[in-house]
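Below, chain A partners chain B and then partners chain C, in two separate complexes.
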Partner chain A sequence: MLLSLGLLVLPQAAFIWLSLHADLGLGQISDAVTLENYLRVLTDPFYLGSFWLTVHLSAAATLFGLLVGFPAAYALARIGGWIATIILSLILTTSLITVVVKLMGLNIILGSTGLINTSLLALSITSSPVQMINNETGVFIGLVQYTMPLMIVLLFGVVQTIPVEIEEAAAILGATRARTYLRVILPNARAGLLSSGLIAFNMSMGAFTSAVLLGGGRVRTIPVLIQQMIIQNNDYGKGAALSTMLVVFAFLLNLIAGGLLARGGGGQTG
Partner chain B sequence: MAVERDWNRRLASKAILAGAVLFLAAPFVVVLGASFDPATGYHVAFPPRGFSLASYAAIPWKYARAAGTSVMVGVIVAVVSTAIGLCAALGLVRGRLIGREALASFFRMPVQIPFVVTGAVFLQFYYQLASLTGVNLLNGLTGLIIAHVFVAVPYSVGAVTAVLSRFDPALEEAAESLGATAWATFRSVTLPIIRPGVLAGLFYAFIVSFGDIPVALFLAPGDRATLPVQIFEDMQFDFKPSMLAVSSLIAVLSLAAILAARELAGFDMVARPAHASAASQPSERTARP
Partner chain C sequence: MADLSRRTLVKAAVGAAAGVASARMARAADAAAAFRIATWGGSWRDSVAKSIVGGMDLRGAPPDYVLGNPDDNLAKLIAAHRGGQIPFDVMECNPDQIPALTRSGLFETVDYGKLPNAAAIPDWAREQCVVCTVSTEDGIAYNEEKFRQSGIAPPTSYLDLKNPLLAGKLAFPDVSNAQHWNAVVGLAMLGGGSESDMLPALKLVNELKPAYFFAASTDLATRFGSGEIWAAPWQVGWAVRLKRAGAPVAMAYPKFGDKVGALYTISVGIVKGTPRESEAYAFINEYLSTAAQGAHGAATGTLPLNPGGRSVLAQDPVNTGLMILSDQGLNDMFQIDWSRLDTRQWREAWNRGINR
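Coming up: the complex of A and B.
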């Protein structure tokens, strides 16, 4: 026991030391130029626009992810057995392979001479290629790709805790399928939906690679701006201010959602 | 309720599931397919117009070098962060500490910070360290490894904690009452039982390190880019079919490694994925990767 306690202190101390230094690093830089940096970031429509862009893309990707992810996880949990295990492993595997490979594939599929556009053109649905990369649509699709595997895995766990018997009870009492879904299944999954959604939203807000490679450098979300500020412009002050804003925003959001979750008490409303 | 009716009733959900799986698998299928196209120019063709290994033969040496860097960094990160994770998990699960919850969330903290921010913060920190002490961690890969450990530790802690909390402490007490020293108990009782958790921790830490782009983009020296960063940069500025070949190799080898890890280590990824347990708190993740 003592051994374990002793062993805990070392890494912990190392991390406090590290995190302190990291914070100091940001603080120091901001101290010298600070208020000006924050002020400039907070009053400049360009940065505010970027912030809004990041938030609304993340929110859209999260909502879409939930809309698709929940039914998918639901079907998977109800199929059950080894088939579900295999499909779930497959889904999880797609998230474990480095994201560049995925993005390269998406680029090929969504590009102007890609699979979708050549099909659309061949079927005469459109007369010119639909622009799906190097814009917000591309980043949106990338974010959905990025967050969906984890979302399905998490929601799978949520659906597993909802006994199939209550659905049967609802059906016996005459509820239609849609009604059962809306009034029985979804309320029971509320807490799970909220926390999975939050994780997906957090991931999207911080997503850098998808935003760069599918936005073609034209979609400047906050993570993209942070990297451009620091690496290309050598503007550490602004980069740090943007970083702090992003982290504080995520932190507050988690706090609020945590409160909501605690108050919702796991969603036992029928 | 007839089984058949039941099956039909969930048809809509199943269709969505099929769509989601197709959507998630498609990029890999396309990359793999296009890598066999005989084209040598910049044009990518899927479905491929023939079968050729030309793009594989054209893989430049820099990717092999980058792969070496990635694997080396990944292995060191996996070992170090799992060692830390093991200690932390032992303390969190066993030690009846005051503020255990706070500590647990402390260890999850790096997961909440976007990778870009982590990269930027460490870069800043290393600059200051260099100006104060003259030690420049950015010259080699040390700086990158430290930052990756920072990011990977929550996953290791999560993986080990998951196994440890199902472990019966009575087994350890039995060993100790039979006269085993604390270390002997740990080595021959505790460790074998939590082995799956430790292996899962190693596995996830490696995955996190190997898959990362933003942190490595900031911290890897220009001539020692990791494999994903090398591909990332070339994708933006200099696309060549050989990159499809490299990506296909990554995908296939990753898949093989994941399957092998499951078989050999016997840990169940699906029941409790480390990043789910590390991230599933409202006070909550990084992967993407």
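Coming up: the complex of A and C.
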């Protein structure tokens, strides 16, 4: 509890305090307490647009991650044995590689002269290179690769808690594979899907490197603007206000999701 | 047995915490004894260590490097200053930071009587709170092989980059990249503006339609080397490095009014209140020596402000083929009047005005 207070609450409290003061330049802030920074952000369509951009990219990456990650986790959990161990170890190992290196690799592969585009051109599937980076698509791909490994590992644990016997029971009662998946497995995994999705969403909301390295300077998400305000402009007050709003938004969303989860009973297997 | 285990565990935890604390105290003591230089990482840091610090006697204060770009390091300095700390003794900085740093009182006023080697550098390089040591030479880097094959003439102006044959092949420095500033001021001038009237640049950048805006030069170097990008407003140091690696890169220096090409100076300032003031002056003086300037310029592709250092660089044909090394050439290069350019306002305008 004390550790949480020291590492999480105190820095946030310091940032919230900074956000309540006007910037005077070079990191200096006024003594007077004011809501000016919040008002400026909340009444400026540019910042509101940036918030929307951050939210919809994070939501899209999370949704895609769940759509792809859950079947992968399910397959691994059901395969089990040494094959699952090796694949999970490989997935975990990719998490140890610094995100900059992975994104630079994606930059090379997804670029106009990269492996994918040269293959598409060579096979005459496209007549000109497909723009996969330097735009929102690039950032989306970056967010998916950033969150997917953790999501698969989390969902693997979720699927393991679902007894295989209930799938067998559904099959004996005549359910098809698709029906079993939709009516038995997914409802039982609902709590895990929601919590894994929230973790991935929160990670994406704060992701900076993907937006910078794969957005090509065109995708100004909130973390990019916070970095610019604090590091380049030394406007701690306004940067702190943006940061606080990002945290509050994510926190509220988590609270709502937690409430929904509690109301729905969490989808635990009986 | 359970109690014993718990007690042993607590002892071990306390012991580990004490160990960590003592290690931290030892590191803090080392940091206090060290001469701390805030500078860039990678090959730049290596060259500072070899070409400059290597020529100094720092037995009483071993060098320690605080790595980051000048914006990051300034943020660290401000945060530490707020807590009454001195995070490093000297800091390398960008020219856009100089007006604000001079007003801020974060750096010492330079005593040029303690820098005999400063006599060799131009008058304009001797600022009140920082000393300009080297400079980048900014212009347009382009792939001469691709240009020739596509029948594109070598560029002489930033507006030459508005060529349909360069669609998808042009990169432009993002607002966080150092080479952004000369490029946008040059475009503003071409559009009838100046440092105090930058808006014409926004329209022209949008008309150039760059494939992407690069934040990191290392990233652009990768794409330039692979042939994905053919041209970019950039600095000659990267062109030199790419040329040495075998890439067919050439450099063009566009006009800025009656000037040709542009400088983006690197400076060193002494942090106010440093206990290592004598080492700080020794560091800057060594930085300005002919030997250090030549070696550092060769390693990083930057232009020495000491003429002797430029003579060292002139011995390498790759440098002479790409860089402007003469005294006259240096004097004819453009420099932004940073006191007229509101960088904060420009960043806002850039964020909002660039086509996404």
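Note that the second predicted complex is superposed on the first by the 233 of 270 C-alpha atoms of A that agree within 3 Å, B and C clash if a C-alpha of one lies under 4 Å from a C-alpha of the other, contacts with A are read in each partner's own complex, and residues count from 1 in each chain.
Rule of thumb we're sticking to: a residue touches a chain if its C-beta (ideal position, glycine included) is under 8 Å from a C-beta of that chain, and two chains touch if they have at least 3 such contacts.
Fair warning: this is a prediction, and the values are worked out from it, not measured in the lab.
Participant: Is this a clash or a fit when chain B and chain C both end up on chain A?
Facilitator: By the criteria stated at the top, chain C and chain B clash after superposition.
Participant: Quick one: classify A:46 as touching chain B (first), chain C (second), both or neither.
Facilitator: Only chain C; A:46 stays clear of chain B.
Participant: Who touches more of chain A, chain B or chain C?
Facilitator: If we count touched residues of chain A for both partners, the winner is B.
Participant: Figure out whether A:212 sits in contact with chain B (first) or chain C (second), or with both, or with neither.
Facilitator: both
Participant: Can A:184 be said to touch chain B (first), chain C (second), both, or neither?
Facilitator: Neither partner.
Participant: Is A:170 in contact with chain B, with chain C, with both, or with neither (first, second, both, neither)?
Facilitator: After superposition on chain A, A:170 lies in contact with neither partner.
Participant: According to the stated criteria, A:108 is in contact with first (chain B), second (chain C), both, or neither; which is it?
Facilitator: both
Participant: Could you tell me if A:231 is touching chain B, chain C, both of them or neither one (first, second, both, neither)?
Facilitator: After superposing on A, A:231 lies in contact with both chain B and chain C.
Participant: Quick one: is A:57 in contact with chain B, with chain C, with both, or with neither? Answer first, second, both or neither.
Facilitator: neither
Participant: Is there a shared patch on chain A that both chain B and chain C touch, and which residues make it up?
Facilitator: Shared contact residues on chain A: 25-26, 104, 107-108, 111, 113-114, 212-213, 217, 230-231.
Participant: So in the complex, the part of chain A that touches chain B is made up of which residues?
Facilitator: Contacts found on chain A: 1-5, 7-8, 10-12, 14-15, 18-19, 21-22, 25-26, 28-29, 68-69, 71-72, 74-76, 78-79, 85, 87-109, 111, 113-115, 144-146, 148-150, 152-154, 157, 168, 171, 177, 194-195, 198-199, 202-203, 205-209, 212-213, 217, 223, 226-227, 230-231, 236, 239-240, 243, 246-247, 250-251, 254-255, 257-258, 261.
Participant: Which of the residues in chain B come into contact with chain A in the complex?
Facilitator: Listed in rising order, the residues are 1, 9-10, 12-14, 16-17, 19-21, 23-31, 34, 43-44, 46, 84, 87-88, 90-92, 94-95, 97, 103, 106-107, 109, 112-117, 119-125, 128, 150, 153, 182-183, 186, 207, 210-211, 213-214, 217-218, 227-228, 231-232, 235-236, 243-244, 247, 250-251, 254-255, 258, 262, 269-270, 273, 275-276, 279-289.
Participant: What part of chain C is in contact with chain A in the complex they form?
Facilitator: My answer: residues 71-72, 74-75, 78-79, 81-82, 100, 103-104, 106, 168, 172, 174-176, 211-216, 219, 222-223, 226-228, 344, 347, 351-352, 354, 356.
Participant: Inside the complex, what are the residues of chain A that reach chain C?
Facilitator: 25-27, 46, 104, 107-108, 111-114, 129, 133-134, 212-213, 216-220, 225, 228, 230-235
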